[in-house]
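Multiple structures are listed underneath, in C-alpha coordinates.
In the two assemblies presented below, chain A is common to both, partnered first by chain B and then by chain C.
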Partner chain A sequence: MASAGIEEIRSWILSRHPERDDVAPDENLIESRLVDSLSFVELVYAIEGASGVEIDFDNIDIRDFQTLSSIEKAFFAAV
Partner chain B sequence: MLPGRVGIDLVPFARVSRLLTPEAEPVLPRMLSEEELGLCVTESGPDIPGIAGRLAAKEAVFKLFHAAGQPMPWLGIEILKENGGRPVVRLSGRAARLARDARVGHIEVSIAHDDPFAVAVAFCDTATEREAQQQLESA
Partner chain C sequence: MEAVSYTAQWTAAARALESERTGDAMFEDPFARALAAPRGFELLDKYGGGGLIPFIAIRTRYFDDSVDTVLRDGDVRQVVLVAAGMDTRAFRLTWPAGTTVYEIDHEALMEEKRARLSRLGGRAAVERVEVKADLARDWLPALKRAGFDPARPTLWIAEGLMFFLTEEQVVHLLRTLGSASAPGSWLAVDFVSKALLRSPFSQSFLKGLKEDGTPWLFGTDEPEDFLAASGWKVRDLREPGDPGAGEGRWPYEVQPRDRRGVARSWLVRAEYAGS
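Then we have the complex of A and B:
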(Lines of atoms letter the chains of each structure in order from A and count residues from 1; the text may use other names and numbers.)
(Lines give C-alpha, C1' and ligand atoms only; values in the text may rest on other atoms or scores of the structure.)
Protein backbone atom coordinates (compact mmCIF):
# COMPACT_ATOMS: atom_id res chain seq x y z
CA MET A 1 0.00 0.00 0.00
CA ALA A 2 1.30 3.45 -0.96
CA SER A 3 2.28 5.77 1.87
CA ALA A 4 0.32 8.93 2.61
CA GLY A 5 3.36 10.93 1.58
CA ILE A 6 3.59 9.50 -1.91
CA GLU A 7 -0.16 9.94 -2.34
CA GLU A 8 0.38 13.62 -1.56
CA ILE A 9 3.02 13.77 -4.30
CA ARG A 10 0.75 11.94 -6.74
CA SER A 11 -2.00 14.49 -6.01
CA TRP A 12 0.47 17.34 -6.43
CA ILE A 13 1.43 16.08 -9.90
CA LEU A 14 -2.18 15.50 -10.91
CA SER A 15 -3.18 18.98 -9.75
CA ARG A 16 -0.77 20.33 -12.38
CA HIS A 17 -2.06 18.04 -15.10
CA PRO A 18 -5.85 18.20 -15.12
CA GLU A 19 -5.87 16.17 -18.34
CA ARG A 20 -4.67 13.17 -16.32
CA ASP A 21 -6.60 11.14 -13.77
CA ASP A 22 -3.76 8.95 -12.53
CA VAL A 23 0.00 8.47 -12.55
CA ALA A 24 1.26 4.90 -12.55
CA PRO A 25 3.90 4.08 -9.91
CA ASP A 26 6.50 3.23 -12.57
CA GLU A 27 5.69 5.94 -15.10
CA ASN A 28 8.76 8.04 -15.84
CA LEU A 29 7.73 11.53 -14.73
CA ILE A 30 10.45 13.29 -16.70
CA GLU A 31 10.18 11.39 -20.00
CA SER A 32 6.40 11.76 -19.95
CA ARG A 33 6.87 15.50 -19.29
CA LEU A 34 4.75 15.42 -16.16
CA VAL A 35 7.74 17.12 -14.52
CA ASP A 36 10.05 19.49 -16.40
CA SER A 37 13.07 21.44 -15.23
CA LEU A 38 10.97 24.29 -13.81
CA SER A 39 8.47 22.08 -12.03
CA PHE A 40 11.28 19.81 -10.84
CA VAL A 41 12.23 22.45 -8.28
CA GLU A 42 8.62 22.62 -7.14
CA LEU A 43 8.52 18.82 -6.95
CA VAL A 44 11.60 18.78 -4.73
CA TYR A 45 9.96 21.34 -2.48
CA ALA A 46 6.73 19.30 -2.37
CA ILE A 47 8.69 16.15 -1.43
CA GLU A 48 10.46 18.06 1.33
CA GLY A 49 7.13 19.27 2.65
CA ALA A 50 5.53 15.82 2.56
CA SER A 51 8.49 13.86 3.89
CA GLY A 52 10.17 16.31 6.24
CA VAL A 53 13.47 15.42 4.54
CA GLU A 54 15.71 18.29 3.52
CA ILE A 55 17.05 17.67 0.02
CA ASP A 56 20.48 18.96 -0.96
CA PHE A 57 19.83 20.26 -4.46
CA ASP A 58 23.49 20.00 -5.44
CA ASN A 59 23.73 16.33 -4.55
CA ILE A 60 20.52 15.07 -6.08
CA ASP A 61 20.48 11.67 -7.76
CA ILE A 62 17.98 12.18 -10.58
CA ARG A 63 17.09 8.47 -10.48
CA ASP A 64 15.41 9.07 -7.10
CA PHE A 65 12.90 11.36 -8.81
CA GLN A 66 12.10 9.49 -12.01
CA THR A 67 8.97 7.65 -10.88
CA LEU A 68 6.58 7.72 -7.95
CA SER A 69 8.04 4.36 -6.92
CA SER A 70 11.58 5.70 -6.83
CA ILE A 71 10.44 8.81 -4.93
CA GLU A 72 8.65 6.62 -2.40
CA LYS A 73 11.68 4.38 -1.97
CA ALA A 74 14.07 7.32 -1.56
CA PHE A 75 12.00 9.60 0.67
CA PHE A 76 9.03 7.80 2.16
CA ALA A 77 10.17 4.21 2.69
CA ALA A 78 10.83 4.63 6.41
CA VAL A 79 7.72 6.71 7.09
CA MET B 1 32.84 23.95 -39.48
CA LEU B 2 33.15 25.73 -36.16
CA PRO B 3 32.78 23.27 -33.28
CA GLY B 4 30.67 25.63 -31.18
CA ARG B 5 27.44 24.73 -29.44
CA VAL B 6 24.07 26.37 -29.07
CA GLY B 7 21.31 25.95 -26.52
CA ILE B 8 17.84 27.44 -26.61
CA ASP B 9 14.94 27.59 -24.18
CA LEU B 10 11.58 29.23 -23.74
CA VAL B 11 9.67 30.06 -20.56
CA PRO B 12 6.03 31.21 -20.60
CA PHE B 13 5.26 34.21 -18.40
CA ALA B 14 2.35 32.20 -16.99
CA ARG B 15 4.78 29.69 -15.45
CA VAL B 16 6.55 32.51 -13.63
CA SER B 17 3.28 34.09 -12.53
CA ARG B 18 2.25 30.75 -11.04
CA LEU B 19 5.53 30.54 -9.11
CA LEU B 20 4.73 33.93 -7.60
CA THR B 21 1.23 33.10 -6.33
CA PRO B 22 0.84 32.95 -2.53
CA GLU B 23 -0.10 29.25 -2.63
CA ALA B 24 2.97 28.27 -4.69
CA GLU B 25 6.03 26.79 -3.07
CA PRO B 26 8.65 29.53 -2.54
CA VAL B 27 11.04 28.04 -5.08
CA LEU B 28 12.48 31.15 -6.73
CA PRO B 29 15.34 31.51 -4.19
CA ARG B 30 16.39 28.00 -5.29
CA MET B 31 16.47 29.09 -8.92
CA LEU B 32 17.76 32.66 -8.77
CA SER B 33 20.68 33.88 -6.69
CA GLU B 34 20.32 36.84 -4.38
CA GLU B 35 22.07 39.01 -6.95
CA GLU B 36 19.73 37.82 -9.71
CA LEU B 37 16.65 38.33 -7.53
CA GLY B 38 17.81 41.90 -7.02
CA LEU B 39 17.83 42.35 -10.80
CA CYS B 40 14.29 40.98 -11.15
CA VAL B 41 12.28 43.63 -9.36
CA THR B 42 10.64 46.77 -10.65
CA GLU B 43 9.00 49.62 -8.81
CA SER B 44 5.66 47.88 -9.30
CA GLY B 45 6.78 44.43 -8.14
CA PRO B 46 8.42 41.32 -9.60
CA ASP B 47 9.72 41.70 -13.16
CA ILE B 48 7.96 38.67 -14.68
CA PRO B 49 9.50 39.01 -18.17
CA GLY B 50 12.91 39.49 -16.56
CA ILE B 51 12.50 36.36 -14.41
CA ALA B 52 11.21 34.31 -17.35
CA GLY B 53 14.11 35.47 -19.53
CA ARG B 54 16.66 34.69 -16.85
CA LEU B 55 15.24 31.19 -16.26
CA ALA B 56 15.19 30.55 -20.02
CA ALA B 57 18.80 31.71 -20.30
CA LYS B 58 19.88 29.39 -17.49
CA GLU B 59 18.27 26.43 -19.24
CA ALA B 60 19.81 27.43 -22.57
CA VAL B 61 23.25 27.57 -20.94
CA PHE B 62 22.69 24.19 -19.26
CA LYS B 63 22.06 22.65 -22.68
CA LEU B 64 25.61 23.60 -23.66
CA PHE B 65 26.89 21.17 -21.03
CA HIS B 66 25.37 18.10 -22.76
CA ALA B 67 24.47 16.84 -19.29
CA ALA B 68 21.08 15.28 -19.98
CA GLY B 69 19.78 13.31 -17.03
CA GLN B 70 21.37 15.62 -14.47
CA PRO B 71 19.37 18.14 -12.44
CA MET B 72 19.68 21.77 -13.43
CA PRO B 73 22.27 23.58 -11.30
CA TRP B 74 20.00 26.61 -11.10
CA LEU B 75 22.05 28.65 -8.66
CA GLY B 76 25.36 27.75 -10.28
CA ILE B 77 24.38 29.40 -13.56
CA GLU B 78 23.82 33.09 -12.91
CA ILE B 79 22.57 35.47 -15.57
CA LEU B 80 23.77 38.90 -14.54
CA LYS B 81 24.02 42.25 -16.29
CA GLU B 82 27.01 43.98 -17.74
CA ASN B 83 27.13 47.76 -17.92
CA GLY B 84 24.62 48.66 -20.58
CA GLY B 85 22.31 45.79 -19.69
CA ARG B 86 23.87 43.03 -21.78
CA PRO B 87 23.37 39.65 -20.08
CA VAL B 88 26.50 37.87 -18.89
CA VAL B 89 26.91 34.35 -17.51
CA ARG B 90 28.68 33.48 -14.27
CA LEU B 91 29.25 29.81 -13.44
CA SER B 92 30.08 28.32 -10.07
CA GLY B 93 30.07 25.02 -8.21
CA ARG B 94 28.60 22.01 -10.02
CA ALA B 95 27.70 24.12 -13.07
CA ALA B 96 31.32 25.17 -13.48
CA ARG B 97 32.43 21.53 -13.17
CA LEU B 98 29.91 20.41 -15.78
CA ALA B 99 31.08 23.16 -18.12
CA ARG B 100 34.70 22.17 -17.66
CA ASP B 101 33.93 18.48 -18.26
CA ALA B 102 32.06 19.41 -21.44
CA ARG B 103 34.98 21.60 -22.61
CA VAL B 104 32.73 24.65 -22.67
CA GLY B 105 34.62 27.87 -23.23
CA HIS B 106 33.29 31.41 -23.35
CA ILE B 107 29.48 31.64 -23.24
CA GLU B 108 27.29 34.30 -24.82
CA VAL B 109 23.56 34.56 -24.18
CA SER B 110 20.80 36.54 -25.81
CA ILE B 111 17.34 36.95 -24.32
CA ALA B 112 14.10 38.23 -25.85
CA HIS B 113 10.68 38.57 -24.29
CA ASP B 114 7.31 39.39 -25.71
CA ASP B 115 4.13 38.40 -23.91
CA PRO B 116 3.45 35.49 -23.39
CA PHE B 117 7.01 34.08 -23.61
CA ALA B 118 10.66 34.73 -22.98
CA VAL B 119 13.18 32.98 -25.16
CA ALA B 120 16.94 32.70 -24.73
CA VAL B 121 19.79 31.41 -26.85
CA ALA B 122 23.21 30.49 -25.52
CA PHE B 123 26.33 29.93 -27.57
CA CYS B 124 29.77 28.75 -26.55
CA ASP B 125 33.01 27.85 -28.16
CA THR B 126 34.65 24.66 -27.02
CA ALA B 127 38.18 23.88 -25.98
CA THR B 128 38.77 22.06 -29.25
CA GLU B 129 37.77 25.16 -31.20
CA ARG B 130 39.98 27.41 -29.09
CA GLU B 131 42.88 25.00 -29.46
CA ALA B 132 42.36 24.94 -33.24
CA GLN B 133 42.23 28.73 -33.33
CA GLN B 134 45.42 28.97 -31.29
CA GLN B 135 47.10 26.56 -33.69
CA LEU B 136 45.95 28.63 -36.67
CA GLU B 137 47.25 31.82 -35.06
CA SER B 138 50.62 30.30 -34.26
CA ALA B 139 51.05 28.74 -37.74
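Then we have the complex of A and C:
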Protein backbone atom coordinates (compact mmCIF):
# COMPACT_ATOMS: atom_id res chain seq x y z
CA MET A 1 0.00 0.00 0.00
CA ALA A 2 1.25 3.44 -0.90
CA SER A 3 2.26 5.65 2.00
CA ALA A 4 0.24 8.71 2.93
CA GLY A 5 3.23 10.82 1.94
CA ILE A 6 3.37 9.66 -1.63
CA GLU A 7 -0.40 10.11 -1.91
CA GLU A 8 0.18 13.74 -1.02
CA ILE A 9 2.63 14.02 -3.89
CA ARG A 10 0.24 12.30 -6.27
CA SER A 11 -2.50 14.74 -5.26
CA TRP A 12 -0.16 17.66 -5.70
CA ILE A 13 0.64 16.57 -9.27
CA LEU A 14 -3.02 15.97 -10.07
CA SER A 15 -3.97 19.37 -8.67
CA ARG A 16 -1.69 20.94 -11.27
CA HIS A 17 -3.09 18.82 -14.08
CA PRO A 18 -6.88 18.90 -13.89
CA GLU A 19 -7.03 17.02 -17.21
CA ARG A 20 -5.65 13.92 -15.47
CA ASP A 21 -7.48 11.43 -13.24
CA ASP A 22 -4.46 9.53 -12.02
CA VAL A 23 -0.72 9.14 -12.25
CA ALA A 24 0.62 5.59 -12.46
CA PRO A 25 3.45 4.73 -10.04
CA ASP A 26 5.85 4.08 -12.91
CA GLU A 27 4.81 6.88 -15.22
CA ASN A 28 7.78 9.09 -16.09
CA LEU A 29 6.88 12.51 -14.68
CA ILE A 30 9.40 14.36 -16.79
CA GLU A 31 8.77 12.76 -20.17
CA SER A 32 5.03 13.18 -19.69
CA ARG A 33 5.67 16.85 -18.77
CA LEU A 34 3.75 16.44 -15.52
CA VAL A 35 6.76 18.06 -13.86
CA ASP A 36 9.03 20.49 -15.67
CA SER A 37 12.01 22.67 -14.88
CA LEU A 38 9.84 25.33 -13.25
CA SER A 39 7.45 23.18 -11.28
CA PHE A 40 10.34 21.00 -10.16
CA VAL A 41 11.14 23.31 -7.28
CA GLU A 42 7.52 23.11 -6.15
CA LEU A 43 7.72 19.32 -6.33
CA VAL A 44 10.83 19.38 -4.17
CA TYR A 45 9.09 21.55 -1.56
CA ALA A 46 6.03 19.32 -1.70
CA ILE A 47 8.23 16.29 -1.01
CA GLU A 48 10.05 18.10 1.80
CA GLY A 49 6.71 19.11 3.31
CA ALA A 50 5.27 15.61 3.12
CA SER A 51 8.38 13.70 4.17
CA GLY A 52 10.23 16.02 6.52
CA VAL A 53 13.38 15.23 4.52
CA GLU A 54 15.53 18.18 3.55
CA ILE A 55 16.63 18.01 -0.09
CA ASP A 56 19.96 19.45 -1.12
CA PHE A 57 19.54 21.21 -4.48
CA ASP A 58 23.20 20.90 -5.27
CA ASN A 59 23.21 17.13 -5.01
CA ILE A 60 20.00 16.15 -6.68
CA ASP A 61 19.81 12.83 -8.47
CA ILE A 62 17.18 13.15 -11.16
CA ARG A 63 16.51 9.41 -10.98
CA ASP A 64 14.95 9.93 -7.54
CA PHE A 65 12.32 12.20 -9.11
CA GLN A 66 11.46 10.34 -12.28
CA THR A 67 8.36 8.47 -11.11
CA LEU A 68 6.12 8.33 -8.07
CA SER A 69 7.72 4.97 -7.24
CA SER A 70 11.22 6.38 -7.30
CA ILE A 71 10.12 9.36 -5.19
CA GLU A 72 8.51 6.99 -2.71
CA LYS A 73 11.62 4.84 -2.58
CA ALA A 74 13.96 7.79 -2.14
CA PHE A 75 11.96 9.90 0.32
CA PHE A 76 9.15 7.88 1.84
CA ALA A 77 10.76 4.49 2.40
CA ALA A 78 9.45 2.77 5.53
CA VAL A 79 11.92 2.97 8.35
CA MET B 1 18.37 30.60 -42.40
CA GLU B 2 20.81 30.33 -39.55
CA ALA B 3 19.96 28.34 -36.46
CA VAL B 4 19.35 31.32 -34.20
CA SER B 5 16.75 32.52 -36.72
CA TYR B 6 14.68 29.47 -35.92
CA THR B 7 14.51 30.62 -32.34
CA ALA B 8 13.12 33.91 -33.69
CA GLN B 9 10.42 31.82 -35.35
CA TRP B 10 9.32 30.04 -32.20
CA THR B 11 9.29 33.34 -30.36
CA ALA B 12 6.97 34.61 -33.10
CA ALA B 13 4.83 31.46 -32.76
CA ALA B 14 4.39 32.07 -29.02
CA ARG B 15 3.47 35.70 -29.74
CA ALA B 16 0.90 34.53 -32.28
CA LEU B 17 -0.73 32.26 -29.70
CA GLU B 18 -0.90 35.10 -27.19
CA SER B 19 -2.28 37.54 -29.76
CA GLU B 20 -5.05 35.09 -30.67
CA ARG B 21 -6.33 34.68 -27.10
CA THR B 22 -9.78 36.11 -26.59
CA GLY B 23 -10.25 38.54 -23.76
CA ASP B 24 -6.97 38.43 -21.90
CA ALA B 25 -4.21 38.77 -24.52
CA MET B 26 -1.35 40.84 -23.12
CA PHE B 27 -0.58 42.33 -26.55
CA GLU B 28 -1.58 41.94 -30.14
CA ASP B 29 1.02 41.14 -32.76
CA PRO B 30 -0.92 40.73 -35.99
CA PHE B 31 2.19 39.72 -37.93
CA ALA B 32 3.45 37.03 -35.58
CA ARG B 33 1.74 34.04 -37.18
CA ALA B 34 3.21 34.82 -40.61
CA LEU B 35 6.63 35.51 -39.13
CA ALA B 36 6.64 32.15 -37.32
CA ALA B 37 6.78 30.16 -40.56
CA PRO B 38 8.06 27.69 -41.48
CA ARG B 39 9.25 26.07 -38.26
CA GLY B 40 8.06 28.22 -35.37
CA PHE B 41 5.07 26.16 -34.28
CA GLU B 42 6.88 22.86 -34.74
CA LEU B 43 9.76 24.06 -32.55
CA LEU B 44 7.40 25.52 -29.98
CA ASP B 45 5.71 22.13 -29.75
CA LYS B 46 9.08 20.46 -29.32
CA TYR B 47 10.35 22.88 -26.66
CA GLY B 48 7.03 24.05 -25.33
CA GLY B 49 7.17 22.80 -21.73
CA GLY B 50 8.63 24.61 -18.78
CA GLY B 51 6.39 27.63 -19.14
CA LEU B 52 8.02 28.71 -22.39
CA ILE B 53 4.83 29.91 -24.09
CA PRO B 54 3.50 32.05 -21.23
CA PHE B 55 7.04 33.24 -20.55
CA ILE B 56 7.53 34.59 -24.07
CA ALA B 57 4.16 36.34 -23.85
CA ILE B 58 4.96 37.88 -20.46
CA ARG B 59 8.42 38.92 -21.60
CA THR B 60 7.05 40.51 -24.76
CA ARG B 61 4.63 42.60 -22.72
CA TYR B 62 7.31 43.55 -20.19
CA PHE B 63 9.52 44.85 -23.01
CA ASP B 64 6.56 46.68 -24.57
CA ASP B 65 5.98 48.33 -21.20
CA SER B 66 9.68 49.14 -20.94
CA VAL B 67 9.55 51.02 -24.24
CA ASP B 68 6.50 52.96 -23.06
CA THR B 69 7.97 53.75 -19.66
CA VAL B 70 11.43 54.80 -20.79
CA LEU B 71 10.22 56.91 -23.73
CA ARG B 72 7.41 58.51 -21.75
CA ASP B 73 9.52 59.49 -18.77
CA GLY B 74 12.67 60.74 -20.48
CA ASP B 75 14.41 62.21 -23.48
CA VAL B 76 15.23 58.90 -25.13
CA ARG B 77 14.21 58.96 -28.78
CA GLN B 78 16.70 56.42 -30.08
CA VAL B 79 15.88 52.74 -29.66
CA VAL B 80 18.07 49.83 -30.74
CA LEU B 81 16.74 46.29 -31.04
CA VAL B 82 19.83 44.13 -30.58
CA ALA B 83 19.24 40.84 -32.40
CA ALA B 84 15.79 42.07 -33.40
CA GLY B 85 14.62 38.73 -34.77
CA MET B 86 10.93 38.79 -35.64
CA ASP B 87 10.22 41.72 -33.29
CA THR B 88 7.42 43.89 -34.71
CA ARG B 89 7.42 46.66 -32.11
CA ALA B 90 8.26 49.24 -34.77
CA PHE B 91 4.98 48.29 -36.45
CA ARG B 92 2.62 47.75 -33.56
CA LEU B 93 3.55 50.14 -30.72
CA THR B 94 2.77 53.84 -30.47
CA TRP B 95 5.93 55.93 -30.58
CA PRO B 96 6.63 59.55 -29.61
CA ALA B 97 7.30 61.86 -32.57
CA GLY B 98 10.96 62.02 -33.52
CA THR B 99 11.81 58.47 -32.42
CA THR B 100 14.08 56.26 -34.51
CA VAL B 101 14.17 52.48 -34.09
CA TYR B 102 17.26 50.62 -35.28
CA GLU B 103 16.84 46.90 -35.81
CA ILE B 104 20.06 44.91 -35.85
CA ASP B 105 20.20 41.34 -37.09
CA HIS B 106 21.96 39.39 -39.77
CA GLU B 107 21.19 39.99 -43.40
CA ALA B 108 19.27 36.81 -44.24
CA LEU B 109 16.83 37.34 -41.38
CA MET B 110 16.33 41.03 -42.12
CA GLU B 111 15.64 40.32 -45.79
CA GLU B 112 13.16 37.59 -44.98
CA LYS B 113 11.40 39.68 -42.37
CA ARG B 114 11.14 42.65 -44.68
CA ALA B 115 9.70 40.49 -47.49
CA ARG B 116 7.08 38.96 -45.20
CA LEU B 117 6.04 42.24 -43.57
CA SER B 118 5.78 43.85 -46.96
CA ARG B 119 3.50 41.04 -48.22
CA LEU B 120 1.36 41.57 -45.12
CA GLY B 121 1.13 45.28 -45.85
CA GLY B 122 2.97 46.14 -42.63
CA ARG B 123 3.85 49.81 -42.22
CA ALA B 124 6.23 50.97 -39.53
CA ALA B 125 4.68 53.41 -37.04
CA VAL B 126 8.06 55.04 -36.46
CA GLU B 127 11.24 55.87 -38.34
CA ARG B 128 12.68 52.37 -38.69
CA VAL B 129 16.22 51.60 -39.83
CA GLU B 130 17.47 48.12 -40.64
CA VAL B 131 21.05 47.40 -39.69
CA LYS B 132 22.38 44.20 -41.23
CA ALA B 133 25.25 43.06 -39.09
CA ASP B 134 26.73 39.99 -37.48
CA LEU B 135 26.45 40.49 -33.72
CA ALA B 136 29.39 38.16 -33.18
CA ARG B 137 31.60 40.79 -34.80
CA ASP B 138 32.14 44.49 -34.23
CA TRP B 139 28.71 45.83 -35.18
CA LEU B 140 28.82 49.34 -33.67
CA PRO B 141 30.37 50.90 -36.81
CA ALA B 142 27.49 49.58 -38.92
CA LEU B 143 24.98 51.00 -36.43
CA LYS B 144 26.68 54.40 -36.53
CA ARG B 145 26.80 54.36 -40.33
CA ALA B 146 23.05 53.79 -40.26
CA GLY B 147 22.62 57.09 -38.39
CA PHE B 148 22.81 56.07 -34.74
CA ASP B 149 24.19 58.90 -32.60
CA PRO B 150 26.07 57.77 -29.47
CA ALA B 151 25.86 61.31 -28.11
CA ARG B 152 22.09 60.93 -27.69
CA PRO B 153 20.50 58.74 -25.01
CA THR B 154 19.40 55.29 -26.16
CA LEU B 155 17.09 52.51 -25.10
CA TRP B 156 18.73 49.19 -25.92
CA ILE B 157 16.45 46.18 -26.23
CA ALA B 158 18.15 42.80 -25.83
CA GLU B 159 15.27 40.34 -25.60
CA GLY B 160 15.74 36.58 -25.50
CA LEU B 161 19.37 36.94 -26.40
CA MET B 162 21.68 36.59 -23.43
CA PHE B 163 21.16 32.87 -22.79
CA PHE B 164 22.58 32.10 -26.23
CA LEU B 165 25.89 33.78 -25.36
CA THR B 166 28.81 32.77 -23.16
CA GLU B 167 29.44 34.82 -20.02
CA GLU B 168 32.40 36.45 -21.73
CA GLN B 169 30.25 37.42 -24.72
CA VAL B 170 27.52 38.80 -22.46
CA VAL B 171 30.01 40.98 -20.58
CA HIS B 172 31.51 42.16 -23.87
CA LEU B 173 28.08 43.03 -25.23
CA LEU B 174 27.04 44.92 -22.07
CA ARG B 175 30.28 46.93 -22.21
CA THR B 176 29.85 47.61 -25.92
CA LEU B 177 26.33 48.93 -25.25
CA GLY B 178 27.73 51.04 -22.42
CA SER B 179 30.46 52.46 -24.65
CA ALA B 180 27.78 53.85 -26.99
CA SER B 181 25.42 55.01 -24.22
CA ALA B 182 25.03 58.73 -23.56
CA PRO B 183 23.88 59.72 -20.05
CA GLY B 184 20.23 58.79 -19.59
CA SER B 185 20.50 55.60 -21.64
CA TRP B 186 18.56 52.47 -20.67
CA LEU B 187 18.69 48.76 -21.29
CA ALA B 188 15.82 46.28 -21.26
CA VAL B 189 17.13 42.74 -20.97
CA ASP B 190 16.30 39.28 -19.69
CA PHE B 191 18.35 36.49 -18.18
CA VAL B 192 17.74 33.01 -16.85
CA SER B 193 19.05 31.85 -13.49
CA LYS B 194 22.07 29.59 -13.21
CA ALA B 195 19.82 27.04 -11.53
CA LEU B 196 17.67 26.84 -14.66
CA LEU B 197 20.71 25.71 -16.62
CA ARG B 198 21.70 23.24 -13.90
CA SER B 199 18.35 21.75 -12.96
CA PRO B 200 18.06 18.10 -13.88
CA PHE B 201 14.51 18.85 -15.01
CA SER B 202 15.77 21.32 -17.63
CA GLN B 203 18.18 18.90 -19.22
CA SER B 204 15.99 17.44 -21.94
CA PHE B 205 14.91 20.96 -23.00
CA LEU B 206 18.52 22.15 -22.98
CA LYS B 207 19.69 19.06 -24.82
CA GLY B 208 17.18 19.73 -27.61
CA LEU B 209 18.43 23.29 -27.98
CA LYS B 210 21.99 22.07 -28.13
CA GLU B 211 21.19 19.47 -30.76
CA ASP B 212 19.51 22.17 -32.83
CA GLY B 213 22.64 24.30 -32.72
CA THR B 214 21.30 26.92 -30.29
CA PRO B 215 22.53 25.90 -26.85
CA TRP B 216 21.68 28.00 -23.80
CA LEU B 217 24.95 28.93 -22.15
CA PHE B 218 24.60 31.82 -19.73
CA GLY B 219 22.57 32.37 -16.59
CA THR B 220 22.97 34.46 -13.45
CA ASP B 221 21.49 34.25 -9.96
CA GLU B 222 22.51 37.84 -9.16
CA PRO B 223 21.44 40.01 -12.09
CA GLU B 224 21.92 43.28 -10.15
CA ASP B 225 25.57 42.58 -9.33
CA PHE B 226 26.24 41.12 -12.73
CA LEU B 227 24.90 44.18 -14.57
CA ALA B 228 26.54 46.61 -12.15
CA ALA B 229 29.94 45.16 -13.02
CA SER B 230 29.42 46.42 -16.60
CA GLY B 231 28.12 49.83 -15.55
CA TRP B 232 24.38 49.10 -15.65
CA LYS B 233 22.25 49.99 -12.62
CA VAL B 234 19.12 47.88 -12.26
CA ARG B 235 16.02 50.10 -11.85
CA ASP B 236 13.32 47.48 -12.29
CA LEU B 237 13.56 43.74 -11.84
CA ARG B 238 10.71 41.26 -11.98
CA GLU B 239 10.11 37.60 -12.39
CA PRO B 240 7.28 36.20 -14.47
CA GLY B 241 4.18 36.03 -12.30
CA ASP B 242 5.07 39.19 -10.37
CA PRO B 243 2.77 42.23 -10.48
CA GLY B 244 3.54 44.03 -13.73
CA ALA B 245 4.97 40.87 -15.24
CA GLY B 246 2.10 38.59 -16.10
CA GLU B 247 0.60 38.29 -12.62
CA GLY B 248 -2.29 35.83 -12.88
CA ARG B 249 -1.06 34.45 -16.20
CA TRP B 250 1.96 32.51 -14.94
CA PRO B 251 1.19 28.87 -14.15
CA TYR B 252 3.82 28.55 -11.41
CA GLU B 253 4.38 29.93 -7.95
CA VAL B 254 6.81 32.82 -7.82
CA GLN B 255 9.48 31.57 -5.42
CA PRO B 256 10.99 33.86 -2.78
CA ARG B 257 14.34 35.25 -3.85
CA ASP B 258 16.25 33.49 -1.07
CA ARG B 259 15.18 30.02 -2.18
CA ARG B 260 18.11 28.34 -3.80
CA GLY B 261 18.06 26.05 -6.80
CA VAL B 262 15.07 27.74 -8.43
CA ALA B 263 14.77 27.89 -12.21
CA ARG B 264 14.04 31.57 -12.79
CA SER B 265 13.89 34.22 -15.45
CA TRP B 266 14.74 37.83 -14.74
CA LEU B 267 13.08 40.72 -16.57
CA VAL B 268 15.17 43.84 -16.13
CA ARG B 269 15.29 47.54 -16.88
CA ALA B 270 18.66 49.11 -16.15
CA GLU B 271 20.07 52.60 -16.54
CA TYR B 272 23.61 53.25 -17.67
CA ALA B 273 25.63 54.55 -14.74
CA GLY B 274 29.04 54.54 -16.38
CA SER B 275 31.91 52.22 -15.67
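The criterion applied here is as follows: the second predicted complex is superposed on the first by the 78 of 79 C-alpha atoms of A that agree within 3 Å, B and C clash if a C-alpha of one lies under 4 Å from a C-alpha of the other, contacts with A are read in each partner's own complex, and residues count from 1 in each chain.
Convention: a contact is a pair of C-beta atoms (placed from the backbone, for glycine too) under 8 Å apart; a residue touches a chain by one contact, two chains touch by 3 or more.
Everything numeric here is computed off the predicted structure, so don't read it as measured data.
Undergrad: Looking at chain A, does chain B or chain C touch a larger number of its residues?
TA: Comparing chain B with chain C, the partner touching more chain A residues is C.
Undergrad: Contact-wise, after the overlay, does A:15 reach chain B, chain C, both or neither (first, second, both, neither)?
TA: neither
Undergrad: Please indicate which partner A:57 is in contact with in the superposed arrangement: first for chain B, second for chain C, both, or neither.
TA: both
Undergrad: First (chain B), second (chain C), both or neither: which does A:35 touch?
TA: Once the two structures are laid over each other on A, A:35 reaches chain C alone.
Undergrad: Please work out whether A:49 is in contact with chain B alone, chain C alone, both, or neither, and reply first, second, both or neither.
TA: In the superposition, A:49 contacts chain B only.
Undergrad: Of all the chain A residues, which ones make contact with chain B and with chain C?
TA: In chain A, residues 37-38, 40-42, 44, 57-58, 60, 62 are touched by chain B and also by chain C.
Undergrad: In their shared complex, at which residues does chain B touch chain A?
TA: Result: residues 11, 15, 19, 24-27, 30-31, 55, 59, 62, 69-76, 93-94 of chain B touch chain A.
Undergrad: Considering only the defined contacts, which chain C positions touch chain A in the complex?
TA: 49-51, 195-196, 199-205, 252-253, 255, 259-263
Undergrad: Mind pulling up the chain A residues that touch chain B in the complex?
TA: For chain A paired with chain B, touching residues are 37-38, 40-42, 44-46, 49, 57-58, 60, 62.
Undergrad: Under the stated contact criterion, what part of chain A meets chain C in this complex?
TA: Result: residues 30-31, 33, 35-42, 44, 57-58, 60-62, 65 of chain A touch chain C.
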